[in-house]
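We just call them A, B and C in the order they show up, numbering each chain from 1.
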Amino acid sequence: MEKVFSRKKAIIWGFIGLIILFIFPLFLPRFYVYLISIILLTGLLATSLNIVLGYGGIFQFHHAVFYGAGAYATALMIIKSGLTPWLGFLVGPLVSVLLSLIMGIICIRLSKLYFGMLQISLGSLVWIIVYRWYSFTGGDDGIHGVPLPDIISSPTSAYYFTLVITLISIFIMYKIIKSPFGSALQGIRDNPVRSEMIGINVKRHQLLALIIAGFFAGIAGSLFVVVDNTVFPDMLFWTLSLEILIMCLLGGWFSFLGPMLGAAIIILLRTFVSTFTSYWTLVLGILMMFVIFFLPNGVLGYIEEKLSKKS
Amino acid sequence: MDLIAQIFSTKILSQIFVGLSRTTILFIVSSGLSLILGVLRIPNVAHGSLYMIGAFTAYTTSMVFGGGNTGFWMSLIIAPLFVALISLIAERGLFQYLYEREHLMLLLLTFAFSLVFGDLVKMVWGAEYKSVPVPPMFQGYVYLIGGLPFPLYNFFLLIIGPIVAIVLWLIVNKTKIGKIARAAAVDREMVDAVGINVSWVFAYVFIIGCLLAGLGGALVAPTVSVTLGMDHTLIMEAFLIVIMGGLGNIWGALLGALIFGLAQSLGILIWPQFGIVFPYAAVIFVLLLRPTGLLKSTW
Amino acid sequence: MLQVKGLSKSFDGFKAVNNANLDVQKGEIVAVIGPNGAGKTTLFNLITGIIKPDSGSVIFKGEDITGLPPYEICRKRISRSFQIVNIFPRLTVFENTQIAVLARFKKTWDLFTPSKKIAVEETEEILKSVGLFDKKDRVTGLLSHGDRKILEIAMALGGNPEFLILDEPTAGMAPEETSKCIELIKSLSEKFGITILFCEHDMEIVFGIANRIMVMVRGSTIIQGTCDEVRCNQAVQDAYLGGSDVCLM
């Protein structure tokens, strides 16, 4: 993208965007504040997936597990431990990191499709345990009405909390992609044999990437608890994992902001379409087919192609 | 001691049979999935939706024919054929243009189909669950060792399972098209070069695979509530079974379905609340020892 | 510096490398030649850790490095270029080489410093020494085949190797590109003191720059010696020329 948009333009637009994001809750109704909060944290989730998927070339088919685990850990920590709720926000991402470390060590021995399938198996195991453990996790009902510290309990304050955390997280992830580790990761994606030959321990680097992705997915999960005050087992289900994949694809998975854009498009469409039909999944399915056939590089990829053709 | 042993064994036996009849359904659906995965290299996420469509179609057919024995047998014929028709349209209309793309794209396309099918079922049949009556000829019980009653319909499933397995084996191994399909699975270009229209071979395999999903749905219909969402859990289980058994290996699907079905029913016996976790744990255990599955995969 | 003793590897019963021996002294340029399918690339793969041998050993500077994983071999300052161009297609020439340098400095674990700012001088040095500096910002997909093979070598140099293995470095190159490559190999040996092991099919090149030659046929070492020794060796002639009495070249 840097090749197409000049640095100055990008900074100016970014600045304007930031100002809008900070001001709009003052004059838009509560519903939109909630909606943008959801877009932000889902965009964060999709961007975290893209670290391993688009930049790492790893077949992460069940990313939602780390999101759901972070959310459940946060909610359960707040409710069951009796300690300060802020600890919940620490525990959530920590649990996700632990889970991605364990699952990573188990799955990283395999590559490509087999990695994805083993991850789906492990993820399904986590899901079904959460689903059946009614006494601890609330099972199918999930957990509702998680109490939050006053400072972030109103929709607007929850929004600002989400905004700040998301911006910081995105910034950190961007730095990581631009760092030597990010270069090595992309090298591994494009040519693992060569990377190994020039001195990179491929499996270990991939494992670190998985942990980073899991960490930020866990943060997204904790943010969901803040915004929605609930957790439910579907957050760990494979359908959500594929939806996040679609967001990355739709926005463009070779660009950094693609997944965020994809998340925004899908959530906005879902909200809009659901006002006049209950068949949103049908619309999503057709949209997906359209993207697969006509926009394989996603929206941002398409725009980039068009703009570079002009110049 | 004797009494306990007796009770224990009949209870276990009964659970084993229950597990085995569940195995039949799982096997029929998974074998279709495995076939498509092995020959076409497509992870067909829509397989669960086709199973669901099979079940709902069986309901309607059964109702149309009065819910009796005729209705049942008709549904066993019509539902799989209807599902096969849908998959033919999908394959010729959209799938065949994507064979050159990466697996991920094909997987996402089948996922898109599952979304579309899911909502189409909701549109056509509505959101409430449907009940398909057990056909009169299979109502009642069979009496096992120890006098334990076992539903006659489940017994019927136990018999159907091996029959389907044998028929499938004959088609794949003994017919000309089966041999071509197996060759195409290994080396598509060679088969093309020999002058065979690989495209139609793929279509043929795809339709048979989907037909099996529809059959599974039609067979399961009298034993469960036919609901939306039955596609989601089943596709997950079918995939795990296929992965456990070896991609593209039909006997692997049988073995996987056996392990899965038995682990589930015996698991519930040992630990009622979490019994359902046992099959998932079994899959992981197998994959840790043999990551490519129990039997040889065609990949 | 490098000794290969009795190295063997079979694939499903086919003996690709059968009791191969090789000896390379420090500062030498040694060539491995042999008919197609003789096992040269497999030998290189065995030395660099991409595959593990069934038997035999590889000793480097007195240390047994048999069967170590490739990234560790690289850390021992043995680098390798590939016969079929094996680079990072989506990155620029500079980025390709830079990754190799970053890996050498173990900087690939650095999560926060922008890549653009690290190891720039070292990378540019390497690009200048191979003659690719003016093309450093080009995406590799746009390079000529010859330039890509030179990039292969540049990436191998990223690890600051003492020992460089080049697998058919001039394969597919046009004549001017080939002579440029030969000059490069010579300068790497003379100016930078790097010990070089390579394999080639072009006999002119082999006899032109190699100090010693090892001949492989059907996975085994027939002879290792100077150019003259190899030229007039009967077994070599049998392998290449079917037993006629003419000295090679």
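Just so we're on the same page, a contact is a pair of C-beta atoms (placed from the backbone, for glycine too) under 8 Å apart; a residue touches a chain by one contact, two chains touch by 3 or more.
The shown structure was predicted, so the numbers you read here are calculated from the model rather than taken from an experiment.
Averaging the CA coordinates per chain and comparing them to the mean over all protein CA atoms picks out A as nearest.
Seen from the C-alpha centroid of chain B, the farthest chain centroid is that of C. Each chain gets one centre point, the mean of its Cα atoms, and the points for chain A and chain C are 43 Å apart.
Each chain gets a centre from the mean of its Cα atoms; for chain A and chain B, those two points are 33 Å apart. Inter-chain centre distance (chain B to chain C, centres taken as mean C-alpha positions): 53 Å.
By the touch rule above, chain B contacts chain A in their complex via residues 45, 94, 97-98, 101, 103-105, 108-109, 111-116, 118-120, 122-123, 232, 236, 239-240, 243, 273-274, 276-277, 280-281, 283-284, 287-288, 291-292, 299. Those residues of chain C whose C-beta lies close enough to touch chain A in the complex are 48, 50, 69-71, 74-75, 79-80, 82, 86-91, 95, 98-100, 102-104, 107-116, 118, 155-156, 158-159. Across the complex, chain C is touched by residues 175-176, 178-184, 186-187, 190-191, 193-202, 205, 208 of chain A. For chain A in complex with chain B, the residues that touch the partner chain are 59, 106, 109-110, 113-114, 117-118, 120-122, 124-125, 128-129, 132-134, 237-239, 242, 245-246, 249, 278-279, 281-282, 284-286, 288-289, 292-293, 296.
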